[in-house]
């Protein structure tokens, strides 16, 4: 029901919410994200409840390395900014610029994912398998769930970028890119709590 | 109809005022990003320096995380803008309802009895 | 015309209980677009309000025109089927299966996410019921009502 | 045939149902699937009552009894009550707010098919080595690899998939009610059924996500040797009941709030009065929704989590009585002085009120944490929640069926058969469950498959079983009514 959009004047200032469909997606995606909050809260709660249950296996303080986590954090934070730049370009109808920054976001995400996989492999080497202890299980499931979100987000943006490689910004794909950027920011928010609660608290004792 | 929906636009319908506003917003977002980087540094340093007691450090870095949460939600994700009333309602509800979950899973799992 | 006959016998009345809310303001059976013209709500219990203060019919907010409707799709079935296959594959870990359970899991996930990707790839803007069709359908429904 | 010809290529009915995104057809699909699961779980309840009819019965084995009991609870809550409510929500939310469809027609269909395949997966367990047998709560370690067979795998994944469907539909309803309201339909002009469905959908969003997390943990535990719940590896078994009831308590409100909404639709129409205290009703609904998340530990009072914890949750639980009381009085005042017409729908709606009060009062009794140690895991609890679920949700559903049937299918249901159905169901229901209060108080534990003859439980169990048969007869009468009315097409005005 996009009859209300005056297309002749050019791209509306908020293309993601110009049509009723876009507006629906916008509200619906926020509702979905609020549900994700409670889901991640459950995983965080489980981790926090079980993080001392190491059962003689490796402990948090033995494993976590600050530099690696720091680099991962920086990468993800930066990718959050690049997706903001991309969305601003989208609002101004600068398609090439948006595409460029979305690709940068994508590659930053891939880099992050690479580090995460490297990290997990490393931990398994140190003897922290998934079923070593309750701490291991809850750590892998929390951080792994975040990683799964990253994977899904990367697949999503890759699909969008290939599909709309030459399409320009339309009233159909603007909501899609916008929802992806919301999702990406949300992943970043979760990571902020992961590096605080899992890594820094793990290193800092307590 | 349908053709309009998948047709790219030649120009933007933004008024000059809106462009100015977008640019101002972009500047604010860069500042927010700088803040977030600084907060991250602060959190890592607070833990790495090992000068303060762990109890204090932990509450401090969790406080920093909540500032970052606020910056991301309200600046990067535009929750501060108009037309975000429902988004705010749901996000705040989600965060509020998460608190008892997390507290319960940490405190009342039968290890210590309150 | 046999189906008109059938419907005439079957449908008794649009509003059997003297209802108060909007659902009793459309025809029975409900046309696929629900309301030919989106009604103007003037109070809580809108239909009851119109029965007391108006002529018992909802006031329209828009002229009769084309109505936009979504297209049907087989993809929801496929996505759910994919999740079902993947779930069953995981359970097969605990059965004496003649096939590697992870093969089934991967197959299910492929079906599931593949269908999602198809949904994302194909732009589907739905279709329109033209004004003429809407008018014809409304006329027919009104005639039905009178004939009862 | 313009009305049917508009934009339809000649499609077969099956293909139409498989691909439809029309909220009305999806509602019918939910109705059919929900009724099938309801019938299945109802049959299990009858089998359970047959087993318990006489002392030391050997009708089913203990293992089968456990499976029947677990599947009865699981199916009734996830696969019968939820889709039946969703059927009415799907059909009537867009109509009541003056919209052409829901916000995401595609996701609506997706939600249904997720639910359907989830239910199918759960039901397959009968053919692959046994149904889940750890109760609908699936407490660890009962549900761990060591003690439970493959049935629990079906439980975990089936519920995970159908839970996705429920979550998707919940989001869909929320957005529909936010963005698709007709002009002039402000939030405080929405019918109460829409309001309660809105709050229910919010509870779904915040309640089914912890369930998804919890089921994921249990799945990892069972399939990939996770160590979440095993004390020897540093785990903690209390995590599961916490997560389950963080979801599970809101689930009760997810189910009962739309029933409240249905009652609030039916009573004004058949009293010829506007709903008394509409605004108070709306805010009571919101408060119930919020408090529903703050009380889950009352399911775990006997886990010995400490006196302060128990006290806090006892007080919060009792607080729920306040908004619920507001609702009860508003229904009574709506009927007060109205021009009452006791159709079957109204009979269900008005009898809902005293029945639900009974369930609520026993709820307050159970909320007192010190006394709960006496009631816990007895038939008193069973009686309490069946008064809420059957006396609340099912009566609401039956009322809504009789009330909305003409809109959905074009003809009313026969009233004489309807009234027979109602009285048989109502009397049968009270026979079954009222006596279970007393059974519980004199000490009969729940979830046992046999009891001895000399304990003074025989007569009461027999009465309870007779009541269950009566309810079965009532539901069969409803089905007969559906067929009979399709032929006779009765009219009422």
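Note that the chains are named A, B, C and D in the order they appear, and that numbering of residues resets to 1 at the start of each chain.
Here is the rule we use: contacts are C-beta pairs under 8 Å (C-beta built on N, C-alpha and C of every residue); 3 or more make two chains touch, one makes a residue touch a chain.
Values in this document were obtained by computation on a predicted structure and should not be read as measured data.
In terms of Cα centroid distance from the overall Cα mean, chain D ranks first. Set side by side, the interfaces A-D and B-D show unequal numbers of C-beta pairs in contact, with more at A-D. Chain C has its Cα centroid 38 Å from the Cα centroid of chain B.
Counting partner chains per residue, chain B has residues 1, 5-6, 86, 90, 93-94, 97, 101, 104-105, 109 touching two or more of them.
Shared interface positions of chain D, defined as residues touching 2 or more other chains, are 178, 205-206, 210, 236, 239, 243, 246. The set of chain C residues touching two or more other chains comprises 68, 123, 125. The touch graph of these protein chains is complete, with an edge between every pair of chains. Across the interface of their complex, chain D is touched by residues 20, 23-24, 27-28, 31-32, 34-36, 38-39, 41-43, 46, 49-50, 52-55, 130-138, 141, 145 of chain A.
Looking at the complex, you find that chain B touches chain A at residues 1, 4-15, 18-19, 22, 25-26, 29-30, 33, 36-37, 40, 43-44, 47-48, 50, 54-55, 57-58, 61-62, 64-65, 68-69, 72-73, 76-77, 83-84, 86-87, 90-91, 93-95, 97-98, 101-102, 104-106, 109. Residues 103-104, 167, 171-172, 174-175, 178-180, 205-206, 208-210, 212-214, 216-217, 220-221, 224-228, 230, 232-236, 239, 243, 246 of chain D are the ones touching chain A in the complex. Of all the residues in chain A, the ones that touch chain C in their complex are 1, 155-156, 159-160, 163, 172, 176. Contacts from chain C toward chain D in the complex involve residues 3-4, 7, 9-13, 16-24, 26, 28-35, 38-46, 48, 61, 67-77, 79-81, 83-84, 87-88, 90-91, 93-95, 119, 127, 129, 133, 136-137, 140-141.
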